[in-house]
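Please go over the structures that come below.
What follows is chain A paired twice: with chain B in the first complex and chain C in the second.
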Partner chain A sequence: MNIAFLSLAQTPPLSVPMRFFLTAPLFGIAAGLLLLFGGDGVLDNRWSINTLLVVHMVTLGVLSMVMIGALQQLLPVLMGVVIPRSNMVSRAIHLLWSVGTLLLLAGISQHLPILNRFGVGLLALATLLFVGVILYALARSDSKHGTLIAVATAVISLLFTLLFMLWILNSSGWLAPVVHPLTNLHMSWGLLGWFMLLLIGAAYQVVPMFQITPEFPIAVRRFLAPLIFVGLLLWSGSDLLQLVWMGWVAIAILVSALALFAVVLLRLQLQRKRRLSDVTFTYWRVAMVALLTSTVVWLVGYILGDSRWMESAVVIFLMGGILSAVSGMLFKIVPFLVWLHLNNLYQSAGEWQGNVPNVRQVIPERYSRWQFRVQMVSLGILVVIPLGQFVDQGSRYLTQAAGIAWIASFTMLLVILLLARSKYQSVARALNRG
Partner chain B sequence: MNRIELDISEGEAPEPLIRATEALQQLPEDSYLHITHRMEPCRLYDYLERNGFYVETRRGESGLCELFIGHDRIDKVKTEIVRLVKDMARWD
Partner chain C sequence: MQITDFMGDDHRRCDNIFATAEESVSKGDWSVAESSNTRFVDAMEHHFKMEEETLFPRFEEVSGHTMGPTEVMRHEHKQMRQLFEQMNQAVTGQSVDDYLGASETLLILMQQHNAKEEQMLYPMTDQVLAGEQDELIGKLEAVE
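== the complex of A and B ==
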């Protein structure tokens, strides 16, 4: 009897997601270094070069990097969606995305349009390849799970994010930073479309699997992602056509959809079957509270017409919401994938279970707990940075402190992921020798 | 015909998968396995297909996911499973 859990034809090797997971903390450390040594006002003004650099290090280098890697492994493993030529595609996307991000960051920091052109060109190629492969694979899948709808809308949102970036840079002589009316749309599709929709799609799978909760209600799985997508279309329409009423409809849809997701997930956590709490559980709880907080803060800023509130909302959303959920997810999916791949290796060698470490041995809880604490310190400091303006040099010291905490938390994440990979490699080598 | 019960609704991944496959490896030909889980075990279907099992997935009265699994080549087990699930709600 064939007892392997995954058919080899549809299982990308572990290196497919790991190359993305191991690159992401490096960009996080770079962002921390910029906060530490970037001088005054790194995060004071959304249009400053340093702010733009930090934001794109986090969004392109950390969050997108992890999500692109995770999707290429989770779709085949959890949903049975087959990604064609997965290893080759993964290598190409990783190279294009990493080099493209580096060139864009260099172009922004040095005011060199040529680097921006090349950087965005490579990112565009990576995006087209990634989105094309994912949509092709989804179209061939038999599954009707809500995750697939959410992933499809997320990757289409990534295309819109890219499109607005091209539009902004093309109309500005390929120079950044630029005060441009389309920046808000570029940001909305990136944050609420690409990141949020993908997080929602992943949550439908990983929350019940790893947090021992009931499944998300069917209505939420079916309609939430399309609703957010429609909200983003209306938001774009209102911005481009200058229709105020349409903007309010879009805001009502987006704010209630995000709040609904957070409330449903927090409720599911309360209904979990086992009253155990681990780092992933706590990370997701923090993420949902941050998500709710960011929607309220953003709404207040929008009503008051005060951009500082809205900028704070973006920081809370990104670093408290998306980064927390992504970090929590990594601490579950990496051990799970290591276990799954080792298990398959043993079984294809004709052994049952063999010497496969269990998931809690791949990443010990005490390691991830310490990483969580440091990341929460960095989040806390980031949130209070706006208060630093009331004290002499306050913002500067707080930004530097946040930088130190970022460097520490991303270094810890990198070390933990490297340990997990080395555990996989040592068991796999022992099996090959045997 | 024997009905073998397996409740995996309180296990964290990958425990439910391990327990389900262990039970399936020992499933006698004239029996069927009734699995109760909090979510649809998507990963199990590929395993079932490749190893010659027949499965029906339904929503139980408690709202949990219920799977009825037997050997595909044993007609009387399949007939019994179809009879059992005919009035149950579909999972999705």
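== the complex of A and C ==
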């Protein structure tokens, strides 16, 4: 039995997740700038350099960045496991991941294989360290909750995402875009494995907790994540072995699993006891609707054999589904962590109460509401970009508008997070002086 | 019956009262708010009492851990009591913002606390106290 599990020291320092959370909006702003100034066709052609850059600013720089930080924070709290040397590990992963991403982006944009090699090398080191630490921690957890298997399959999927990319780049002289058939596997493991499974694992815990809904059905908690993982394995098998029937089985599994998850979650939300809605709740509802929409859009594209639909599906999935859920989580996690750490500071100084600001004083609801609105505008513009082709210069203007909206929404996110951190610092300083 | 189920059900009961209290405050319905807030705090104090006076001591006795998980749970009870205090004051002062700020903070603290208990501490208790669960639940039911 693992008794050390609930010691107070298990809450990693605030800086452990914060350094990731504060870096993420910077990559979001960069992506917005690229949309705004990238010229024609930033998102017109799947295989353009700029598309590849925007995709990885978002997937590596924003979404993975937040998720890697959040997991290091949440795992100790929810799974009762301590990450050894959490601060050092977090620093190392953050540095490797950020610099690796920057080098990769530079390598892609400048056509420099050497930068790609270094970038991917650093990302690979970061991934190994991160996945290793998470799996080590999970193996020692006493929890039997479905979140455990979801998180484990998610981080293994991140490994697969990387491995397929190593394979592709190694066989193509480290230049990208390659337009390689295996890229579909790379992105499937990234989107449906790493992102989706982690989202599912988080949802099992946070949806019942914060909205006071019934638990996810036990069968869902037990089987959904493994099912998606098997679906991805079959999907890869069908691609590598050229087995068409296996591909159909995989698609049937993945599409129904995703749709099932979204429907179950929306249903739970309808049964919620807590009627008060907050930004996190609204963000998650948007995320589920986007998830359902992207599944349908992807399926239509697949059946029609029209890749434009499938590309739209990816955009809706990433920016409507994953980004919404991630933003919703940030607005829940960050103010609470600030409160918790301040509270612990006061207590170790031997004082109860004190002037600790509550979660709504750390991040006022009206700030996050505004950020939400702007982010929804950017999502709306992004979704209609494909329609721009019917108007002269339409897609160009729409892409630029989306760029402006991205810059605005990620800047707002950054400012809100910085305000939260400065609130922490000023109260902590006052305590030290006092 | 398992301790996990018994105590988990009591968490659900507290959660439901919490939701009612929060909702009536957000509507500015202070007479309802006052009584549901009191009901909520009472339900929580009752739950803490079952743990602090009956469940935890027995667990500590049998498992031999006095400074382990139960200590952390007690500490979090204290943190929650602080927030009850703020919620009570907000009801007295009829301040919606103060109440909802404190209650939302409490919700997060309480839920991660409950999750740790339901997913780890209670199952451990069931394991350590296998065989005497019915007797113990009888004692818990008798707690005023």
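Everything that follows uses one rule, which is that the second predicted complex is superposed on the first by the 426 of 434 C-alpha atoms of A that agree within 3 Å, B and C clash if a C-alpha of one lies under 4 Å from a C-alpha of the other, contacts with A are read in each partner's own complex, and residues count from 1 in each chain.
By definition in this document, contacts are C-beta pairs under 8 Å (C-beta built on N, C-alpha and C of every residue); 3 or more make two chains touch, one makes a residue touch a chain.
Remember, it's a predicted structure, so these values are computed and weren't measured experimentally.
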Touched partner set for A:Ile218, first chain B, second chain C, both or neither: first
Touching partner for A:Gly80 - first (chain B), second (chain C), both, neither: both
Touched partner set for A:Lys144, first chain B, second chain C, both or neither: both
Which of chain B and chain C A:Phe210 touches, first, second, both or neither: both
Touched partner set for A:Val279, first chain B, second chain C, both or neither: neither
Partner chain(s) touched by A:Gln361 [first = chain B, second = chain C, both, neither]: second
Doubly contacted chain A residues - partners chain C and chain B: 1, 3, 5-7, 77-78, 80, 143-145, 205, 209-210, 212, 273-274, 332, 336, 339-340, 359
Of all residues in chain A, those that touch chain B in their complex: 1-3, 5-7, 10, 77-80, 143-145, 205, 208-215, 218, 273-274, 332, 336, 339-340, 359
Residues of chain B defined as touching chain A within the complex: 9-14, 17, 21, 25, 38-40, 42-43, 45-47, 50-51, 63, 65, 92
Complex interface listing, chain C residues touching chain A: 15-16, 18-19, 22-23, 26, 65, 68-69, 72-73, 75, 78-79, 82, 85-86, 97, 100-102, 104-105, 107-109, 111-112, 114-116, 119-121, 123-124, 127
Contacting residues of chain A [partner chain C, same complex]: 1, 3-8, 77-78, 80, 142-145, 205, 209-210, 212, 273-276, 278, 332, 336, 339-340, 343, 352-353, 358-361
